[in-house]
Amino acid sequence: PLSIKGLTYIAILMAIEIVLNKFQFQTSYLEIGFGFIAVAFIAWWFGPFWSTIVAILVDVLTSIINGYGFFIGFTFSGIIAALIFSFAFYNQGKVSWLRVIVAVVLITLIVNIGLNTLWISVMAHTSFFYYLPLRLVKNIIMIPIQIIILYILMNNKTIQHFKPNVFK
Amino acid sequence: MDPIIKVSNLSFQYDDEDASKILDDISFQCEKGEYVSLIGKNGSGKSTIAKLIDGLLAPQTGTIKINDIGLSSHENDREMRKSIGLVFQNPDDQFVGATVASDVAFGLENRAVPREIMKSKVEVALKKVGMWDFRNEMPSSLSGGQKQRVAIAGAIVLDPQILILDEATSMLDPLATKQIHEVVNKLNQKQNMTILSITHDINVTAKSDRILALNDSKIIFDGKPSVFFQKHELIANMDLELPFSEKLRQKFIDTGYDISDQYMDDEEISQWISKLF
Amino acid sequence: MLLRGVKPILWLIIFTVLIQILFGHGGTVYFHLWFISITSLGIINAMMIFVRLLLIIIIATILTITTSPSMIALGVETILVPLKWIKVPTETIGMMVSIALQFIPTLIDELDDIMNAQRARGVDFGKGKLIKRAQSLVSLIIPLFISSFRHAEHLADAMEARGYSDEVKRSHYQLVAWTKLDWIALLFMILLTVVVVLVRS
Amino acid sequence: MDKQIILKNVDFIYQPDLPSEKQALTNVSLEIENGEFMAIVGKTGSGKSTLVQMINGLLKPTLGEVTVGDIKINNQTNNHNLSELRQKVGMIFQFPEKQLFEDTVLKDVAFGPINFGDDEPTAKTKAIKALSIVGVSKKLYDRSPFELSGGQMRRVAIAGTIACEPQILILDEPTVGLDPNGKNEILKIIHQLNEKGVTIIMVTHDMDVVAQNANRVVVMNKGRVSSDSTPRELFANPELIANNSLALPDSVQIYYDLVHDGIQLSQIPLTANEVVEQITQKRSGVK
């Protein structure tokens, strides 16, 4: 079972995820948030069970807070992303470039480009292929930025220093 | 009568840091209803003492007794915490409930107190700190000083015999600091609550019954504030400042005035000046 | 509030409506050029989708305006109760939701502060090459994570000091009671569903 | 005299046209000269922080104009052309250690100069100079800033701004949360910079700090400038002080206690030294 510290860490990471999902560059039309970083940390430190739970919660809460409707497809996307991150990072002491690259590429292809495009087309009753080109381009542009940020953060000594405190 | 807090030969060090002891063979005690200030530099182990007394950390050697009950097993920790309320430094780090009232109720919820009793206790506690009018506000909408008053309400709602303030006003402006100390003084005087106030603000220690000074992991002074304020060298070594009235008294001595060799507070010293004319 | 909720999916709505209008087929054709064709059915479809998305937004916004975060947290916990059967710790999850909601405004303020501090040190967010952008983000996110983890550490102490444990039974200060109004709302929803189903078939 | 900063009829509104709209500044006009040490005081929410953020372009006036040297900022100013201004006007926020993020102290301090276009060796030189000004020893240069004590972290963060060599330094409550010694050290550093010609604008609640450091103090109230004078002139108006939830410095409190007892000193004392001096003076006058 989770320690109290474990509970507060997950809760705060969840809040970070919601905040960073909303956070976008004002000047850029690439509307991709940075909540994935928090997902990666939950997966890394807490594993598939808790990252799945958080994926569901964040999706429900975000749709309530931001006022988009709730669509079960995106929840499914969130779970898949959480599981891919868990598969790549859970129980890893040090996270290598390779693991970060594999995780980010897999999530971009399967979740962001594949599933999410599908959900948007289902929601809007339009063909998958209308949205594909635009989403393909913007998601591929984001891959290197996501990889660099994730690698730097997960290998930051100060941040790592907090890790042993999570389980007690 | 037995002391309410009795710390004997307490030592502690964090295992992950470089191995220096943060507390080294410390002993002190507090009587019921006493207002004790614990002062020392940043990082001198003051907060560690608070956590040890509340059982959030376990001592490596030595004993801590609250009301003559020793801290040893985990169950006792919970039992002990019932008699201790703790208020921390950062107002933002203490909120669990989404409204002021539900946050104050948190400690009661943890003890499965029935809802009706909870409601009246929350009301009493919030009124004591002057925050009842804010009961339905979200904590994030409050000022720092208001947040700390709510945090005090959250601690005293459990009717603790001891209230520990861990640098509870160091992030607040002077006005909010004053208000918090007014609330704390009232709890001390009207309800005979034992106060252990951890601080590096020497001015707020003037009103306490006793000062415990911690330096280099040892207690180097235990006595009345008026005695402590005269130990200028000790205070300088601890990176603390003299209270203004004491600085002024020293200046008078240096200039050749014939002034009492006892500590005087602001009021006493201005009375003394009046008599010069 | 409403506007802010709409903004992120505004492009989706516009894009979808435009596609429906420009590439729709069926009904009377008003305009045709190469692969673009504006038809009556296309326009009707576009309007339908527009109204549908608008409704979703309005309903969600009403929920946010009328329901406090604590009620939402409590609601989430209540919905999850059946999961207790498969040993999911629903109380812990409810606590998590409550804390997370509690910290969102704090973290937004903190992110704002850090952003201002880095701007004052010459960071220009959203400008420059890829590497530069990644670096400016790192200067934002590392401080955010560190200060958040400090919050988590202190909060855990504060909760423990106030006697929290997931092993003991807790009572609840805030109560979600099922009232007459809820029956009426439920009845209304059922009626509405029936009507919709009847009309559709 | 050289007018370095001019605010002319500045209004600022947060989130205009939304229900949460809030007027933070109303018709603020100020002129600040080169080399001043100005304190800004007032209640929480009186517009102090908004005011100082106007001066380095983090916020732009809704109405009116801010001029810093030859740079003008009004509501037409583009966000991306403010680099020159931000280099000129350094800003140190409350709890500045929150901005630290690099692996080493030296790298973190050099971060600002690099952003403002210095090459790495130049930035390093500036960083070393700044670190020596704030008194961080060489031994710590390659340590992680997060391993340092609270007071040292604060100094490193301040060095991060000083390294950009600003002509104007804005500080928002720079000593909150430090122990008295740490607080005095920071104030000493600020004083030294001021003596070297850096204009200091400091937001604070601590009236002792105002009394002992500033040559000018502006009181903000509900987004307006409600008083602009020397500290001594301000303390001569206890009513104004009380109305703005400010506290009198200890030395001034003694002055008023004595007035209450019918003893009128010739001038309001700002330090313990001045109290003793004036009493001595008064006594020799009596005799």
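Here the chain labels run A, B, C and D in written order, and each chain numbers its own residues starting at 1.
Operating definition for what follows: contacts are C-beta pairs under 8 Å (C-beta built on N, C-alpha and C of every residue); 3 or more make two chains touch, one makes a residue touch a chain.
The chain list, named the UniProt way, goes like this: B = ATPase component of general energizing module of ECF transporter; D = Energy-coupling factor transporter ATP-binding protein EcfA2.
Since we're looking at a predicted model, the values are computed, not measured.
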Top-ranked pair of chains - ranking by C-beta pairs in contact: A-C
Whole-Å gap separating chain B and chain D, where each centre is the average of the chain's CA atoms: 30
Averaged-CA centre spacing for the pair chain D and chain C, given as whole angstrom: 40
Averaged-CA centre spacing for the pair chain B and chain A, given as whole angstrom: 42
For chain D, residues that touch 2 or more chains besides their own: 146
Contacts with two or more other chains, residues of chain A listed in rising order: 156, 158
Multi-chain contact residues (two or more partners), chain B: none
All touching chain pairs, where touch follows the definition stated at the start: A-C, A-D, B-C, B-D, C-D
For the chain B and chain D complex, residues of the former touching the latter: 41-43, 143, 170-171, 173-175, 178, 200-202, 239-241, 244-245, 247-248, 251-252, 255, 257, 266-267, 269-271, 273-274, 276-277
Complex interface listing, chain C residues touching chain B: 68-70, 73, 95, 98-99, 101-102, 105-106, 150-151, 154-155, 157-165, 168-175
Touching residues on chain B, where the partner in the complex is chain C: 51, 54, 56, 78, 81-82, 84, 86, 88, 90, 92-99, 101-102, 105-115, 118-119, 122, 138-140, 154-155, 158
Residues of chain D defined as touching chain A within the complex: 103, 144, 146
Contact set on chain A toward chain C in their complex: 1-5, 7-16, 18-20, 23, 25-29, 31, 34, 37, 41, 53-54, 57, 60-61, 63-70, 120, 124-126, 130-131, 144-145, 148-149, 152-153, 156, 158-159, 162, 165
